[in-house]
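Written below as structure tokens is the structure these notes are about.
Chain lettering (A, B, C and D) follows the sequence in which the chains are written, and residue indices restart at 1 in each chain.
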Amino acid sequence: MRVRTVEGEGVDRVNAISDGVFAIVLTLLVLQFEVPDVPAADLWPALRAMRPLVVSYLLTFSVVGLYWVVHHNLFDRVVRHDRVLLYLNLLFLLTVSFLPFPTELVGVYGTRLAWTLYAVNFAVIGLLMTCIWAYAARRAFLAAEVGERTARLVTLRSLISPAVFLVSIAVSLVNLDAAYLTPLLIVPLQALWVRRYGRPSRP
Amino acid sequence: MRVRTVEGEGVDRVNAISDGVFAIVLTLLVLQFEVPDVPAADLWPALRAMRPLVVSYLLTFSVVGLYWVVHHNLFDRVVRHDRVLLYLNLLFLLTVSFLPFPTELVGVYGTRLAWTLYAVNFAVIGLLMTCIWAYAARRAFLAAEVGERTARLVTLRSLISPAVFLVSIAVSLVNLDAAYLTPLLIVPLQALWVRRYGRPSRP
Amino acid sequence: MRVRTVEGEGVDRVNAISDGVFAIVLTLLVLQFEVPDVPAADLWPALRAMRPLVVSYLLTFSVVGLYWVVHHNLFDRVVRHDRVLLYLNLLFLLTVSFLPFPTELVGVYGTRLAWTLYAVNFAVIGLLMTCIWAYAARRAFLAAEVGERTARLVTLRSLISPAVFLVSIAVSLVNLDAAYLTPLLIVPLQALWVRRYGRPSRP
Amino acid sequence: MRVRTVEGEGVDRVNAISDGVFAIVLTLLVLQFEVPDVPAADLWPALRAMRPLVVSYLLTFSVVGLYWVVHHNLFDRVVRHDRVLLYLNLLFLLTVSFLPFPTELVGVYGTRLAWTLYAVNFAVIGLLMTCIWAYAARRAFLAAEVGERTARLVTLRSLISPAVFLVSIAVSLVNLDAAYLTPLLIVPLQALWVRRYGRPSRP
């Protein structure tokens, strides 16, 4: 008689630990704002000088939030798991939990090097998400309602975000300010995908 | 064939990530208390000097707790979600997770500027909560038991807290100490609303 | 027509936010251990000098863990809630989330004052737990299987821990080292209670 | 009439607090990376100098992730609990939540002493996991599908990781760099166990 390995029904605890890591990363980001140590009269200029930190904070929060929505969306349709899926998800969480460091690097230094590390981090997160989805589809861990074509289309969509971040690295070689704005491309590209392939869930 | 977008049943993971962010914010607040570095004999005066921090700590914990109760109360009646609701909730969590920073500003500086940032932060949180509720009502994501009039009355109640915080900014222009006490108005105003419109749930 | 107020079935989200706060407090405690900044050869003595921190860390972790077990135990039998119960629980969480500060005070200063703050904090936590239980019993929010006598006996047990901490303050006036050991009394007193009033759940 | 003590059905809140602690430990690890305070031109060398921290970060994240998978796997089959199981799990969480400290010690000092503390911490975590499983098996808290032989085989597997860490301490006496690599042995040893005793869950 052999011992059943970790493969099993449901992804409740996968969701629990992922929501935990997402919640903590979203909340830890604020810790990079240190209360300035200046006379009360100089507080406003000191706060204004924090603008680069605010930009990287808002950008990171938005993209992490976006990835949470995607994670929520994908695992909503995953009904079984095995050991490999657990490890892929942990690898995904490793890259998510690392984000506060490059975020602060961008906020403090704002150089091309900082941006590259930041964009690579986000691109890897997105690619791991794609891997998770593709693996779950290949192992037939998806809900029955998800057809093969749907699975492929969702894979396609999950490549939008890492592609945009890799493009932003190329952009940063030409113009660093433009690189900061590149991630905004995710919004129209996602909307385009939804308009072309999405359908309202209640027809 | 088109792909179902993120609209779906239930708000389990919305609650999970929100509870996570609330729990972390409530707990991170204590980190602003740094153990003083004084001779043991001077510990008591050093602790007494922390009183402004204690006040802003207690105030923030109370209001965040209040918002958690409201979030709990609202999402108890939300039975469906779509992508927009997820993003509205993330925007709400963004403003909640930012709170430790203005809280510490108020505790350390205690100026009118610090209070304004703090009150604006809380007002925005409250207004986003109102948006979430109004959006869920308009898209018919609420439980069937919630009638149209109820939805409007709850919208009204959720405006109490942001209104009080905006008033407190005006108050701070006249008297900063009075501004600190203004949020206490939320308690009688909420009670008034409950007495006028609330009914016991078990008749 | 009047609006149903927050009273409702279940305590899922009460448990969720409480488990979140407990988990974070248990984990934040380790942050008080700062990696010493000494030559590698002096690392061992530097670590040995951290012994008071280790003692207060272990003590706090144990008592917080004990309170989590009690919270788990109590809310296992609470089947309904109202607004007051939510606020009592938030007040309870406020005192739990404050713990890392007096814990570090005891570890760093180790004076009678530090111990008093620490013991008062734990006593208040315990008394709030008693309030929550007594309130839930009075409002008939408990599972039907819990009789009136059981409710009274559980109230009695929940007073053990705050009583011991208040005694430890008196002890600290005589001998501070003895005060550190006083909380160990919780173990035999709880065991005594269980031997006298507890019954095995599977007869 | 006697009062039912904490023994009961299910391990939902045990999982909740454990997932919380795991999520926080996994995310706190990144806090040891401090943004360097150097001129922008020296950022790259400053980041390269962080390599030992990266190594200990990746190693700790991997092993904590591994223990989460094991915890997930074990508690998936635990269907009842008593007070002792709750305390054993809390003791387990104590040792997990302590990890960021020895991890940073290894990253900053990288001496044999630091490695020994680190390896002992991981070995104790693993042994406590074994205790939890053995206790649950002895008290018949496991799902009916888990036979006696399976329970013994899983106990055997859960000893692999602590054994490897204890061996790594011996290795560190001879060669510290080799000790860093020793935990990699867990991967082939686990795979060996799975090949010998595991069976696919869907035959």
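In this text, a contact is a pair of C-beta atoms (placed from the backbone, for glycine too) under 8 Å apart; a residue touches a chain by one contact, two chains touch by 3 or more.
Quick caveat, the model's predicted, so the values are computed rather than measured.
Enquirer: More than half overlap in residue numbers between the two sides of the subunit C-subunit D interface, or less? Answer same or different.
Expert: different
Enquirer: Of all the other chains, whose mean CA position lies farthest from subunit B?
Expert: D
Enquirer: Express in whole angstrom the distance between the two chain centres, defined as the mean CA positions of subunit A and subunit C.
Expert: Those two chain centres are 37 Å apart.
Enquirer: Would you kindly tell me how far, in whole Å, the mean C-alpha position of subunit B lies from that of subunit A?
Expert: Centre-to-centre distance between subunit A and subunit B: 26 Å.
Enquirer: Among the residues of subunit C, pick out those that touch two or more other chains and give their numbers.
Expert: Touching at least two other chains: 16, 20, 23-24, 28.
Enquirer: Using the touch rule from the top, collect the residues of subunit B that touch subunit C in their complex.
Expert: Within the complex, subunit B contacts subunit C at residues 15-16, 19-20, 22-24, 26-31, 33, 35, 40, 43-44, 47, 58, 61, 65, 68-69, 72-73, 76, 145, 147, 149-150, 153-154, 194, 197-202.
Enquirer: In the complex formed with subunit C, which residues of subunit D make contact?
Expert: The contact residues of subunit D facing subunit C are 1-8, 13, 16-17, 20-21, 23-25, 28, 83, 86-87, 90, 93-94, 97-101, 104-105, 108-109, 111, 113-114, 117.
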